[in-house]
């Protein structure tokens, strides 16, 4: 006979304000099997947990139900408490009377009644719970970082410094990411390259870090502690081990008209190229869509001039497969396409540019060697108008509903830098709100206004049109309740940012959850902000949500700390809630193995006693508990019900159904 | 003797099976965002929508549920990679079959709700409760042999 | 059919004599002419009772689950429709293909004794098939009936006369496929209103006495132990102890065999209450064909079933039930 | 009709949720009749939200709005300022009684050169 204890939490007023917790505890007392029922302000507190522990000991409880917040919140807490006094942690069930009850219902009688039903349901389940013991699985002491931007670089360096092997998989020919394209960084205005490139070099020189540039992940198998990842090493047509980065090929290549994507297509580059001077690895790559040799078979000039014989037109994509204990996703972002915003004339006017393009125009290594000129005629612009929130905070369907977070700060930076370098330039900024939370951020923005005289106009631009070679920017000045038209030479759009689209594929491969905006979902917004709900997968940088460099670096280091915490363990406890076949019922029909996504089910021939001294050899299913993730797909496929799931057995769910249906 | 039986407003009994990773978390988010839905929706947590056996759904009806809704991760986003793809096929066939047996097609439903869709969870539940209220009590999956007057 | 029976008997005798097989599964004489029984013959002597006539409708493949485990090889006579069940059982590892010698036999459609009785022939002593006509001899006189009118329900919609598996064959005459569209009745039900369908099935299912004949005969219901006998399943029940359970039983049974049911029609043939059980399974088959592409269980002995596979673009359940996808 | 009811009615007529406005002013930034609007498009939204309808009901802007819908087209939040203008206009017309124009009266007073958009706009203004 089970001896069940029930603990109803007030959660301060979170539950107690709408659920009559005393009544719940009182009513539940008379449930069959319940020997103890109590309510308390904060069950998760030290005192609350002590109360549970004491009750378990005092009343010799065989199972407990905690009516509190979501099990996703404190199930682990209460399980630990139970375990500390010798009750198997899997004899704990949570009735979610906060998120699923008190927080969504207003009527006390109704909420109380529902809470009672939810607690009864949990009691019905716990009565059928069986003690479970977690198994163990080994941990591969190597981490994978997907994406070689500042987030990936920082995470890799931190993990490697702790003594673990790290591979960085970067889809481009060089690591560095978006930060490598930036000119200066806010709020300190240091040069982006000056702070980034040393870190890139550190990565390259670190004995524990292996940079797999120009590579993408193809397939992921396994689970936390033991991922097996197939990586595609795209053909770069240059032998990475031989190329010295001398750039003679770039000089000699006759096909020089390729758009330079590193410079946001503002100028051109040869078919064989090194993306930028400080690229890591400092190895050339051939754009097969542009290379004459690869397209027509005729040319081969770079091969002739290459002193080390690094050019290999025959190179093919290769695949490597490696094992990892943990994976950091740091796939970064891109500015959104502005095709849907014809009011700003981005596609029609060369002198309407995005902020990232402006970064390149202002960068000393950029297409204009750092001299700010208009793309159309190379003239120095005298009036520059910035437009903020282009596609951000847009619920009309053209843009993104969220705030891109970085635009207010970088626009202030651009305005300031322009006014500093070219004091004769007039700078206007149309804004909806200026958002500058962050250390020294608002001070930075105010400097742009007060010290540099940047003209901030509260209001949005309705249209940008061309008149006599001038860009007319027509918008609101809401403070003065005016409509203004500013004759500008250059218009800079603060385009919204979105996650790099390839993250969708990565998320699918990793079975990491992803939201409607393609941002990867963290396990808990506040308490587990760098972890994906998929165990062993961690999130750094904009793939998780819009953020600036300081935040990205912090998040990357946080990821590294989590990864290190995982990799130092030799073994991981596995989820004991796994599928288990009843061999006496199993037909050996193979249907369960057909639906198992993890290949956890195999078949063995086993001898069974038939009685009367006779035996029979039958084919029966066998589940590898280290591989099984406990989804239960097999249990429904099994026609005889031989396959069941520990912790969520058919009988348990059936009795929950029964209890929950009783009004 | 009771002469006048007051017509009580019908409040349906709704069972929602929610997968632990998306829909249950979505329900949690609905809760923490205080997005209300009727109290007669009660949730059973399952690891994945593919854990839901048709017999659980039928059991719920047997025990007096008026509507059963099954919620999982969006197809392609399943925490267990492919679980909800199987759910989708199973439930497509099961629902079609139940309807073939004369069970009202609105009575059972599948909805994909992600962990980020608290608002959607609440909206789905409100809608489902409304539809079931309109549909009325579940009589067909309980009283097959009940004859007139019995 | 007489010639076929003789040939079969002769071949069975050869196989047993030579020791090639240890037993032959076929039919033996029943109490009456019209109720031949499935039987295992282990010696030439036993073959005296061997029969094969118009009433040998039973699908023998399921017997192999037990028989193929026995010492020595087992020979079995399979009609074309039985061969699907055979493949399905091989696919599910329920029988060992290597231990079995499959003899594909001719079938001209099997007869329904009830329908013949209704034509006025009681105590049938013999029938002989002559094309579309059947000569019937009975204690109360002889006569002829149109074959179309006395076929077993399952043979009216015969899937075809091609064996999906065979080691040898005994086919002496050309065979003809069924004339009726097997989904006709399903479509008729689909065209009804929900209320009408419900009334139809209530009428039918309340006849169920839970004798388990459908389950016992069904080659897809081959579980070692049925889920309804499994206390861990939460639905275990020996009989329908309430009005709900007869429905539950048939829904779950149909669901469990969906994607695996070869539409052999044995369930309806054996139902003592004449419940058209095959219409349950056919609904699943029709939906599977419509939603996931034509699929015939047992066509091969390999591959996954529609319910253990998927595509990313599969139809949504709500759309399916709302008729937005068909 | 009380003032509160009138506010509710205008909100209902407009079919737009004024609370969605994030006060960016893009509507007024695009308005081609801005100069002739004594109350600007963005103000229509915010004044309705605040319940300041007396001024709206007396303004000239409701007659000067071109009904070009540029503000609706440009709004990043899916708010429709022009619908608010129209709702206010309808309210004014209804308050004045049935002195609007009837569809059958239109043909004699228009000539072929009047642009279609103007016709539609006029029809919106006067037929309620």
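Per-chain numbering from 1; labels A, B, C and D assigned in written order.
Note that in this section contacts are C-beta pairs under 8 Å (C-beta built on N, C-alpha and C of every residue); 3 or more make two chains touch, one makes a residue touch a chain.
For clarity, every value in this text was computed on a predicted model and none was experimentally measured.
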Task = Could you work out which chain's C-alpha centre is the most distant one from the centre of chain D?
result = C
Cα-centroid distance, chain B relative to chain C, in whole angstrom = 36
Remark   = CA centroids of chain A and chain D: separation to the nearest Å works out as 45
Query = Using mean CA coordinates as chain centres, what's the chain A-chain B distance in Å?
reply = 31
Note = Among all residues of chain B, those touching at least two other chains are 54-56, 59, 76, 82, 86, 90
Contacts with 2+ other chains: residues of chain C = 233-235, 307-308
Pairs of chains satisfying the touch condition = A-B, A-C, A-D, B-C
Inquiry  = Under the stated contact criterion, what part of chain A meets chain D in this complex?
reply    = 343, 389, 393-399, 430, 432, 458-463, 474-476, 478, 481, 483
Message = If we count contacts the way the header does, which residues on chain B are in touch with chain A in the complex?
response = 13, 15, 20-22, 24-25, 27-28, 30-32, 34-37, 39-40, 42-48, 50-56, 59-60, 63-65, 73, 76-83, 86, 90, 114-117, 122
Note = As the complex stands, chain A meets chain C at residues 582, 584-591, 594-595, 603, 616, 618-619, 637, 639-642, 644, 649-651, 653-655
Note = chain A partner, complex, touching residues on chain D are 20, 22-31, 34-35, 40, 42-43, 70, 74-78
Task = Write out the stretch or stretches of chain C touching chain A in their complex.
result = 69, 91-94, 221-227, 230, 232-235, 256-257, 304-305, 307-309
